[in-house]
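Please find the structures below.
Both complexes below contain chain A, partnered by chain B and then by chain C.
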Partner chain A sequence: MKYAYYPGCSLEAGSAAYDKSVRAVLDQLGVELDELNDWNCCGATEYFSQNELVATSVIARNLALVDSEHDQLVAPCAACFLNLKKTDKLLAEHPAMKCQVDAALAAGGLSYKPGRVHVRHLLDILYTDVGPEAIKAKVVQPLSGLRVAPYYGCQIVRPLNGFDNPEYPMKLDEMFEWLGAEVVDYPVKAHCCGGHMTQISEPEAFELIRRLLQSADEYKADVILCMCPMCQLNLDAYQGRVNGHFGTSFKLPIVFFTQLLGVALGIDMKKLGFGKELVSAEPVIRSKLDGSSVGAGT
Partner chain B sequence: MVADTHGAHRSKFLRDVIADTPDGEKIVHCLQCGSCGGSCPNGAEMDYTPRAIFAMIAADRREDVLTSNTMWQCVSCYFCTSRCPQDIPITEIMYSLKRMAIREGKARKSDAPALAKTFTDLVEKYGRSFEFGIASRYLLFNRPMSMLKSSGMGMSMFAKGRLALTPTRIKNVKQLQAIINKARELSQHD
Partner chain C sequence: MAEKVGVYVCHCGSNIAGKVDVEDVAKWAGENVKDVAVSRDYKFMCSSLGQKLVEDDIKEHGLTRVVVAACSPHLHEKTFRRACSNAGLNPYLMEMTNIREHCSWVHKDRAAATEKARALVSASIERVKFQEPLEPMFVDVNRATLVIGGGIAGLQATLELADAGYPVYLVERQPSIGGHMAQFDKTFPTLDCSACILTPKMSEVGQHENVTLLTYAELEEVSGSVGSFKVKIRQKARHVVFDDCTGCGICVEKCPRKVLDTEFEAGMGNRKAIYMPFPQAVPRVPVIDTESCIWFERQKCRACEKLCPTNAIDFDQQDELIDIEVGNIIMATGWEPFDTRKIPQYGYGRLANVYTSLEFERLCNAAGPTNGKIVLRDGKTEPKSVAIVHCVGSRDERHNPYCSGVCCMAALKLGHLVVEKTDAEVYSFYIDMRTNQKNYEEFYQRLLGEGMRFVRGKVAEVTDAARKPSEQGKLIVQCEDTLVGRQQRYPVDMVILMGAIEPQRDAREMGLKCGISCSMDGWYTERHPKLDPVATMTDGIFVAGTCQGPKDIPASVAQGAAAAARVSGMITKGKVMIEPIVAKIDEEGCSGCRICNNMCPYNAIEYDAEAQVSRVITALCKGCGTCVSACPAGVISGAHFSDRQIFAQIQGALWDAWQPQDAASQDAETVPVSAP
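Moving on to the complex of A and B:
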């Protein structure tokens, strides 16, 4: 299995733990990731708020850069995944827009034929292509005893997901059942973390974050599993300020799902980027999982 | 909805929204059911819910819609889009209203346009987003108090190695800029 890999800007700095754990886990599972050469930012939601043609052209450059060796592009970040997939669909369905994007790409000496690249989310690759048998066969540290709350957020499951339910997604739940974890079924697993609202209006953002933390806490989760850098940032880095704002005392570790998948596969916790989260995850993971052997792996 | 679905729409604003939104013509099928507002995690903070906005677009109330805070409260979670019984691309219409409000100088109720501009200016310079650059420039000029309150968190992020102080620049930033310039020229907007 071989994929072109689009890490996205967040995975370079703020969410390096995601990038590190993605690479370590896929390597362990025998999946080849080839980083897209000279990829650019997908623009998140910010270009679409200003100029749609610029937004789609900036994203289309990435699709055009996928070489003939690859026909699948994997993105771990929710915004990158949606933007790449949405642009491919817009170009396929709207000939007038395609004509203009073609001209913009041509100004950079590039071209792209809609549908040539199949944009996939990382979870889909792991769940569908690698699959339960291959993953279960490599589990050396079952996650039994650890209560995990899978958090899907928005843009991976809506509106163009194609592999899971947009209202009540289950794929991440199922994957962590394969790993032996106690999966927490809580009602807000596909609700919004507030996205960039923390930068625009803090009280509103904090309320959206509080709802998620409170629900996971009420259902007695030990950790929340994220698939998106923005979700992880909002729930982890802003947790202290949310506590200050509401007088709450949440202390919920927020990790990327690939980090904990890596623990189950016996990968050294240091290679998985643990320690970068502001609410430390290692103590609860070690205490629930018989600390002596956790993270001592390869 | 109240729109004239036979022939040209009487509301110029409705015609403009349709022209600016891929699949925007579906807006005329709005049943005014309110599933959108009811599904919105931030609906309580909006001046008007999407349902009301669609009725106002049909009624040509351009000024009221474009000066409202509604689209700026949209967090792009796509719950409304996913639940709309008429398949209206509601989130995309919110993007379209954001663009129109910026172009027409009506975006007064949010710092979101400033954040968007800071973000994309940095992308155009380096080819990658630059979190520290966005936070420092945007917060300093738009939300200095917030910058102060976030400084402790910023220090923690820095201590954990999660805050790069210098941007990453892609190799062929000139190619990206050529693409952006051409797209901007063709769109006839900034």
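Moving on to the complex of A and C:
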């Protein structure tokens, strides 16, 4: 298995743990990731709301950079994934816009035919392409005893993406059942984390973050699993502020699902980027699992 | 001798004349097409004056062929065949050209539509010249009828026919007849007890001298055609000898294995491994569920056998195939509820106090598992607030686009029962309130006065994620109240999901066995949605009740009776006409390869091993033409659809490209064959 890899800006900075763990986990599972050469920012949510043509052209450049040896592009960040996928669809459905984007790409000596690259989310690849048998076979540290709350966020489950139920996704739940974890089926797993609302109106953002933390806490989760850098940032970095605002005392570690998947596969926790999160995850993981053997593998 | 063709082009008011220049088409055909003796246009050809025009011309001008260019032959072919017959012309020498559905209704450009109408008329003229006089056949109608499905529609059809003195076989796959209606507590809008009005009909069917009741049985195979169907029924092994059982119920009482009853009790109550679905079951003969019986599981127990006073238990009983012959079949196979788990955001199966409407019917039924007490899943707490969610899986493009029709009224009924039996506050979440039958709107108005609260909006989710202390421990229904224009949260104790009515999972397969088709949604397709709602495109097969589309009890009963009336009429007449449009095998040329035998979808071709040729059983042949095109020797011909007729029709359609002098040298009967 071989995929073109688009890490996106977040994975180079705030979410370096995601990038680190993605690379380590996929390497362990025998999946080859070839990072796009000279990729650029996907524009997150802002570009599209400012100027659709510019946003589409900027993103289309990344699609055009996928070489002929690859027909599948994987993006772990929810926003990157959505933008790449949306752009491919926009270009296929709006010939007039495609002409303009074509001209922009041509100026850089590039071209792109809509549909050539199949944009996939990382979870889809792990769940569908790698599959339960291959993953289960590589588990050396079952996650039994650890209560995990899978958090999908609002972007990757949009109907356009099609690989899970948009209203009540279950694939991450299922994957962690393969790993032996106690999966918490809590009701807000596809609700919004507030996104950039923290920069606009803190009280609104804090309320959205509190709902997620509270529900996971009521369901006695030990750790929340994220697959979007924005979600992880909001739930982790703002947890203290949320506690201050509401007088609560949440202390929930927020990690990327690939980090914990890596633990199950026996990868050293240091290689998985643990320690970068503000609410430390290591103590709870070590205490719930058999501490001595965690990370003892490769 | 050249044929004398009469051509009649219909205006159909403005239906055809609005887009096709009918005068021009008639005039053109009269002046330009060979062998046309008369060509006219007329306002309404199907009127008695229009028909008379045809009749008079046949007599006066000695017409030998007639072409009527009007609507679909589905509508008026019979009309014009009759007109020809009246004037002494064989009706199969008339050809109908559809210039309405196939032309005027589907085109915008008048000139192009007129051009196309010319081509269609020309095609029919060329074809009709090669048509041959045919004589229809008549077959006897067997007086027995098969009714499939023992719900209210099937019961009604059965009783109507049996009371008229005709034998009826009623086949039901469950151990008892009664259908879904037996599960309900009350019926809307009169609120009379469902069982009280249903069970008299059930016992009447059970005891009727003209009814052969086959419960716990499935339709296996249908062959033959209208008037004389041959049907195989699989009688599943009950493991109770039907004729020996007295229905005393000791076996059920003593059976030590209790299991969840997911059928009649909709998972709300238990039954034994040997059971009758409910106390008023007909017949009163239990069945052993081999999946849960201890004997079948680990060869122990046999308590029922030891205690049965008439030795009616038979663990070795096998399925049995029963052959019956009937003249007509009524499909009344009913519906099944939508799986509400498919909408996970409503929490069914995850949140304990979310119920399906069928579960709630059992909960408030006096004969149900709680004796009619409305309590939460803990079995004791009465809810203080109940939410009823409409359109769960109906009017939803992700599941079923159609309206299930009955759920609004059922939701009102359930709401009323909650108000009547508890002190709970009731919220009904609806998209549109549909109460469009006799006394339904009045029922709604009555409930508006009972204090039920109606919220117009589609529920987004049912959740246990509380945001405020007042929501703690509750189920919160999140919904935009579209009348207020605001997102609202309603904390309640119980949620009832009004799931859609869906076709039986095997409806398509059952339909195929009988040769009838389903709509995209899976409902059986009626012959005409307005004017022939219980017949199907297959003669002798009728549909009744919800298998044809969602409907309530009065409508199901009406259809059951209507289907029975149609069958009655056929039996009274005694004979049924069969179209002479059938295939014929030229035995001289038949090599006996038998390729056609297996291709025939109606099993209408038999092989004569002695003569080593295949033969068409005329009474079974539907004239589909499959064998005609499949025969490698080209010795099967389809009456009314011969190669010669089809090629002439093609040439007629291409009148402007086809040069008559080329055709003169070409024998229309010769099909090009490549040299060996």
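By our rule, the second predicted complex is superposed on the first by the 297 of 298 C-alpha atoms of A that agree within 3 Å, B and C clash if a C-alpha of one lies under 4 Å from a C-alpha of the other, contacts with A are read in each partner's own complex, and residues count from 1 in each chain.
FYI, a contact is a pair of C-beta atoms (placed from the backbone, for glycine too) under 8 Å apart; a residue touches a chain by one contact, two chains touch by 3 or more.
Values in this document were obtained by computation on a predicted structure and should not be read as measured data.
In the superposed model, A:276 lies in contact with chain B only, and not with chain C.
By the touch criterion stated above, A:32 is placed in contact with neither chain B nor chain C. When the shared chain is aligned, chain C comes close enough to touch A:215, but chain B does not. In the overlay built on the shared chain, the residue A:101 is in contact with chain B alone; chain C does not reach it. Judged by the touch definition given at the top, the superposed model places A:185 against chain C, while chain B stays out of reach.
When both complexes are overlaid on chain A, the residue A:167 reaches chain B and chain C alike. Once the two complexes are laid over each other on the shared chain, residue contacts for A:290 go to neither chain B nor chain C. Of the two partner chains, chain B is the only one that A:61 touches; chain C does not reach it.
One of chain B and chain C touches more residues of chain A, and that partner is B. Shared contact residues of chain A with chain B and chain C: 167.
Contact residues on chain B toward chain A in their complex (touch as defined above): 20, 22, 41-42, 45, 72-73, 75-79, 81-83, 91, 95-96, 98-99, 102, 110-113, 115-117, 119-120, 123, 127-131, 134-135, 138-139, 143, 146, 149-150, 152-153, 156-157, 160-164, 168, 170-172, 175-176, 178-184, 186-187, 189-190.
Every residue of chain A that touches chain B in the complex is listed here, in rising order: 9-10, 12-16, 38-41, 43-54, 56-58, 61, 90, 93-94, 97, 100-101, 103-110, 154-155, 158-159, 166-167, 191-192, 194-197, 199-202, 204, 208, 237-238, 240-241, 275-278. On chain C, the positions that touch chain A within their shared complex are 343-345, 347, 350, 461, 463-465, 467.
For chain A in complex with chain C, the touching residues are 165, 167-168, 170, 185-188, 211, 214-215, 218.
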